[in-house]
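Read the structure below first, then the notes.
In order of appearance the chains are A, B, C, D, E and F, and numbering begins at 1 in each one.
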Amino acid sequence: MTNKLDKNTHVFIGCDKEYEKSDIVIFGTPFDGTASYRPGARFAPSAIRNESYSIETYSPYQDKDLCDSNIKVFDGGDLELCFGNTEKVLNQIKDFTDKILSDNKLPVMIGGEHLVSLGAVRAAYEKYPDLRIIHFDAHADMRDDYLGEKLSHATVMRRCYDLLGDDKIFQFGIRSGEREEFEFSEKHNFINKFDFDGLDEIINKIKDKPVYFSLDLDVLDPADFPGTGTPEAGGVSFKELLPAVFDALKLNIIGIDITELSPVYDPSGRSVSLACKLLREILLAL
Amino acid sequence: MTNKLDKNTHVFIGCDKEYEKSDIVIFGTPFDGTASYRPGARFAPSAIRNESYSIETYSPYQDKDLCDSNIKVFDGGDLELCFGNTEKVLNQIKDFTDKILSDNKLPVMIGGEHLVSLGAVRAAYEKYPDLRIIHFDAHADMRDDYLGEKLSHATVMRRCYDLLGDDKIFQFGIRSGEREEFEFSEKHNFINKFDFDGLDEIINKIKDKPVYFSLDLDVLDPADFPGTGTPEAGGVSFKELLPAVFDALKLNIIGIDITELSPVYDPSGRSVSLACKLLREILLAL
Amino acid sequence: MTNKLDKNTHVFIGCDKEYEKSDIVIFGTPFDGTASYRPGARFAPSAIRNESYSIETYSPYQDKDLCDSNIKVFDGGDLELCFGNTEKVLNQIKDFTDKILSDNKLPVMIGGEHLVSLGAVRAAYEKYPDLRIIHFDAHADMRDDYLGEKLSHATVMRRCYDLLGDDKIFQFGIRSGEREEFEFSEKHNFINKFDFDGLDEIINKIKDKPVYFSLDLDVLDPADFPGTGTPEAGGVSFKELLPAVFDALKLNIIGIDITELSPVYDPSGRSVSLACKLLREILLAL
Amino acid sequence: MTNKLDKNTHVFIGCDKEYEKSDIVIFGTPFDGTASYRPGARFAPSAIRNESYSIETYSPYQDKDLCDSNIKVFDGGDLELCFGNTEKVLNQIKDFTDKILSDNKLPVMIGGEHLVSLGAVRAAYEKYPDLRIIHFDAHADMRDDYLGEKLSHATVMRRCYDLLGDDKIFQFGIRSGEREEFEFSEKHNFINKFDFDGLDEIINKIKDKPVYFSLDLDVLDPADFPGTGTPEAGGVSFKELLPAVFDALKLNIIGIDITELSPVYDPSGRSVSLACKLLREILLAL
Amino acid sequence: MTNKLDKNTHVFIGCDKEYEKSDIVIFGTPFDGTASYRPGARFAPSAIRNESYSIETYSPYQDKDLCDSNIKVFDGGDLELCFGNTEKVLNQIKDFTDKILSDNKLPVMIGGEHLVSLGAVRAAYEKYPDLRIIHFDAHADMRDDYLGEKLSHATVMRRCYDLLGDDKIFQFGIRSGEREEFEFSEKHNFINKFDFDGLDEIINKIKDKPVYFSLDLDVLDPADFPGTGTPEAGGVSFKELLPAVFDALKLNIIGIDITELSPVYDPSGRSVSLACKLLREILLAL
Amino acid sequence: MTNKLDKNTHVFIGCDKEYEKSDIVIFGTPFDGTASYRPGARFAPSAIRNESYSIETYSPYQDKDLCDSNIKVFDGGDLELCFGNTEKVLNQIKDFTDKILSDNKLPVMIGGEHLVSLGAVRAAYEKYPDLRIIHFDAHADMRDDYLGEKLSHATVMRRCYDLLGDDKIFQFGIRSGEREEFEFSEKHNFINKFDFDGLDEIINKIKDKPVYFSLDLDVLDPADFPGTGTPEAGGVSFKELLPAVFDALKLNIIGIDITELSPVYDPSGRSVSLACKLLREILLAL
């Protein structure tokens, strides 16, 4: 009972280590300020923490447990981001990611909309100029601008391209975009439509490079994951995603994000639950 | 900005050509007056137009775009149909379909409940007495009457049969009905339970005939498409449906409908989104 | 039937006059980019148009009808606003309001979040430097900044104050804010907490002045109007609001907005329906 | 436990008497086939029975209990009505009401949409040619036709007028309709806009006549009763309605209906709960 | 119409035989009193009865019909269970199951949360000391206690183990639990993670034994079955479950339950609909 | 930014003082294990904390602020309560309340269902044998048992009566119960049906006594507060409740609870928001 006399804490299940002693740092970026269609990804980090207590800490897939002594994760809560000034938000995200990277810890960011990845990638690129990005998504996000704006969920990978240059971004699961986006990615990046074909080759090719892994959860089929702002039929299943994620995590991962969960569109709660389970599997696989 | 000084228009994305210059005419039939279980299909045409702006005009499946210059579609909005008098509603639908057919354009009707097909089929049959029907559905819709009524969503294909006669209707995906309906279809039509087995043969067999394509969206599994009045487990996936639709559209299609989207049962919006995507693919494939 | 051969239009019920011949111009500003708590006001203009067909054009309160020949309203649809760049959005709103005002028509803006008022007020102030604002709201919106940002739904009236100066803004129904906001308004503006006490006096006092009327719908009690981002118990009822609106509209009104309807939080649809009815009453009273 | 060996029964709480021994007969008419805006009233009778077990049988308002020995109510379940043929549905309702009236019992019909009243009124008028109707509603329902149809929820009171003639229908709470409907009722019936003013006089005037009481639940304000197809702001509260109902029930009531509950629009369940409570109070007051 | 003069009955579609003449007895146990995460399974039996009228009595999978003369099922409605006293609830369930078994009928229990199985298993074990259990579930339910409590949805199979002993329980589809639960089941029972591998062998092995079949519906993937309290990604599909159920039903089944439907989490209604369909298939296969 | 390097905390807005330095202790009791109708009150404490950041810390009603230096509140989070063993849950609540009372702090408990009050009252009675209870509620909660169980949300005030004896409990707003409950309270306690009439007298009468204040939020009308398990029409408004609460808080209050918020039934979120606001007003008034 005495624990009730400490201040109430609110972390992802099993992620209650101290910052100094942790290898991995979770933080939330509750921002969806450029969402053009349906907002709501801002509620994802809080929902993921709340609902994480409905899953187990143990994974029967990996036979590992978040309570195992060698798993050391700190949950830093959410950054306090202000809507209405996108550049400032990205700077806040970059600054916090800088801090984590400079302390030689692995940042695991919970979005928010996909644009938040840009803040983290800017920090990662600064430290690792030879950075690669593995990108799972339904949408190419390769527009040069969206209604005239350069900073948008629909342009985020193009902005990453601007930083990293040719042949550094590897896209999988893409099934929506303008013709120009597909053409751009075919020319300047690697793009695989619809599924994970070719992932093995890419992994082999970049296995010695520092890799940022950007996982837009709408790569999943809406049947598995309805809780997202822009559901796009024809996606991959959870059973297809999980081994692909495990494969990607064998790389030299230096940063991760999972984005675009929007809990409000899924009254069953299974999208949040799936995101929690996926986050557990990611933390255990790292 | 000056465009704001024209009257506001409301069409399916990319379907803003003039009637006279169009090859294809979309129109909505917001009617669910015989729905015996859960109504709501009346809201489908409006929802499809509203949400169509969340999808792209470009198809990575076909590498075509609704904005390509050779795609000419007019969206005529919704017919104003009165609930309570079913025969009159069918006449309104028939009249408008007549007009489109007589102008040598292709009608693409967005229901509404499945009974609306009967109005369009009556018009199509008048112009094409040798008409065939390809029918994708979860339900046989082959009852002779429903609680004594001859005009019902549950009898629509039987009424089509009354017009067309033996061996003209080809049913796929059917997984619900009375024993008598299955027996009737086995005797007088072609019926394939559960999936699209046999579609190739049928396509080959009727490839020289005029074909009406009636696509009841509840042929999809409720996992993919929960937004429908009578969800029936065990259906086909979107990934199975799309190639089957492409196959059917290789025929000499003279009319199409998609029916039984009921947006209210799907708070994720993915059923509407899927219907928009499917409609885009249909328009591009024609 | 021939009307189906025109392009589909989508206007508020009865508001189908041409721009040139109209006295009043409705337009939507689907923006909620600074919403700090729960977004969704972006969906209000579309919902109001869609659902306007469920109300009558006739008002038994005023015995007037939107179809009466002397009522001339043009609905210009929605401005295409880009999320992520707040200043640019405000400029777009200001430009369109400028155009309406310079054509000597009355702008009636449907938000969107409350910040959109600032764009319209900037235009109104340019034409009418002696402008007053009548402001109905649950929230004072008088912060100088919100998490460092000057442009926010929570600062909108403070920004208006920056333009207009002392004793020009008259606030009613306010029941939430920081202590400093209440103190600021008591010192520099007129503020009435909780209800419409004192409205008569204010109306008498400013009856010769040009007046902008800014109606944040969350002034209503959430019992009457649950469909809003930040519901605040203890508000006025519809039966209290309607006569207060009629009173305010007796002034020399040169611009109006209604903001902060967020349809998604009200599955009954009655918040949208109330907004439609209120808009009808406003249009008929002008 | 032995009761589990009888077939499961499903009646409104406390209404488990046998038909022969009952004074009052409840029956449901799950029909909303002419609903032009939002259907769903078909689900009301089932919802009312299901949820009735969440209320008490005892009324602290009247100090009476449905279990008191002098309260004898039979619940006959729902009529099996077919959608798509409105006239036939009305005949089914009329036939069953005829039976109840000819057995000298009091019919209490649970709609369904408001048009169902016409079936019961036809039966009542046949037995009582001098019939009066007390009508509580938000909508006048006095159109001569709706989109050309004579039988509609929007015309139901006009059809009753056609039967009964001038000065037999007394309308209260009406706050929506076409100008012509209000003018018609002012000329041929009694109409009181917005509330129950004048009810006392009317009760006094018709106290010796047979009276049918038609209670469209949307007379209530949507704040109290959001679960209805066409919510109309500005209605009466439950606390205003209850005494007005008690007053009306002092008349020589020969038939009652309550209509237009549409449970699906109220996820809180309080609209169904209110309808249950109101039905209990009506049964106890009779 | 005369049927309306009997008391209203409420049974699963087609299950209207009398107790004495039936081979199978359906009953509901609306209890979710130990649900630690999200309650709601209490509403399953009522929902299943209500919605059963939306499915057909005929199965195209088995070419059998609930109306066929050799199908004799009695639906006894729901046990009246009191929340707050778990042991008492289990006794009520055991007593009623005892009665059914002693009358040589087959009990088919509709939960409720999974703990209800314990009541039925206690009765079955008493009659059949050599009992086996086939258990389909997402969760192992093998904890020895849950927060100190021995009786919980999370311990139900452990309590069954306590009764039956080693090598009597056969678990399939399990994908969530503590490490200790998996280890315990591997040691004392049979457990297959994720799917139905090994089911054939087990069926062969126990084909001469009395078998209780406990079907926790959350064995299904949440894509197919979102309406459950603890959705767990990575489950089996309906198309995988159905043949596995048919296989299990070839055994000497002496009792069945289906549990953990929680209708409130699935606004599409397809989880209830799937449960109805599955129950129909089970009843026809027995 | 450095604050992100502390462990994430989760308290009611402004209630971040340390236990030792606080006068008031908030704690949650997420228990709804005896809810007979609709569960969900278990989610209230978490929802109240989450959503508290959408309200201001400042009260314009009292001109006080939770950030004022003289307001010292500690939020201890939620007790970890196990469903299925009611007596044990009550003991846990009693123990924690004992601790708070023995440290001379004021316990403010956030339910949970109403039965949780019994745990706190047992502790309060032990310290203050001359205890009185002010009870605001829609339901009398005076049954001696509910389906045979002595411990139930429906019996909680009767159990309190068993402890305290005659003329110690004062009930207001009661509008539902069995006849026996009303008769019992009239004989042994004070009961005022429907509203707060007589509250002044009672306050005057017990102003020198230690008082426990039990506020079941369903005393509010469901129009104001739909988010509760058993909505009961005819309740008091927020504007009536607030001054009554302020009046009650003038007494010698030694413990408080607010119970029966069930967030899931109110998608608008206004019930949670109202509870947050009420809790703020209570904390500021103490």
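One rule holds in what follows: a residue touches a chain if its C-beta (ideal position, glycine included) is under 8 Å from a C-beta of that chain, and two chains touch if they have at least 3 such contacts.
It should be emphasised that the depicted structure is a prediction, and the values quoted were computed from it without experimental measurement.
Visitor: In how few steps can one go from subunit A to subunit F if every step must land on a touching chain?
Guide: The fewest touching-chain steps linking subunit A to subunit F number 1.
Visitor: Of the other chains, whose C-alpha centre is the longest way from the centre of subunit A?
Guide: D
Visitor: Most remote chain relative to subunit C, going by C-alpha centroids?
Guide: Greatest centre separation from subunit C goes to chain E.
Visitor: So, what's the distance in Å between the C-alpha centres of subunit E and subunit C?
Guide: Centre separation, subunit C to subunit E: 55 Å.
Visitor: Could you tell me the distance, in whole angstrom, between the mean C-alpha positions of subunit B and subunit C?
Guide: 41
Visitor: What are the residues of subunit A that contact at least two other chains?
Guide: 221, 223, 267
Visitor: Please give all chain pairs that are in touch with each other.
Guide: Going through each pair of chains, those in contact are A-B, A-C, A-E, A-F, B-C, B-D, B-E, C-D, C-F, D-E, D-F, E-F.
Visitor: Subunit F touches which residues of subunit C in the complex?
Guide: 37-38, 174-179, 182, 193-194, 221-223, 226-227, 230-234, 265-267
Visitor: State the interface residues of subunit C toward subunit A in the complex, per the touch definition above.
Guide: Within the complex, subunit C contacts subunit A at residues 32-36, 39-40, 42, 80, 82-86, 88, 146-149, 151-152, 264.
Visitor: In the complex, go through subunit E and note every residue touching subunit B.
Guide: My answer: residues 53-56, 58, 60, 63, 65, 221, 223-224, 237-239, 242, 267-270, 273-274, 277-278.
Visitor: Using the touch definition from the top, list the residues of subunit C that touch subunit B in their complex.
Guide: Interface residues on subunit C, with respect to subunit B: 1, 4-11, 16, 18-19, 27, 46, 49-50, 74-79, 92, 95-96, 99.
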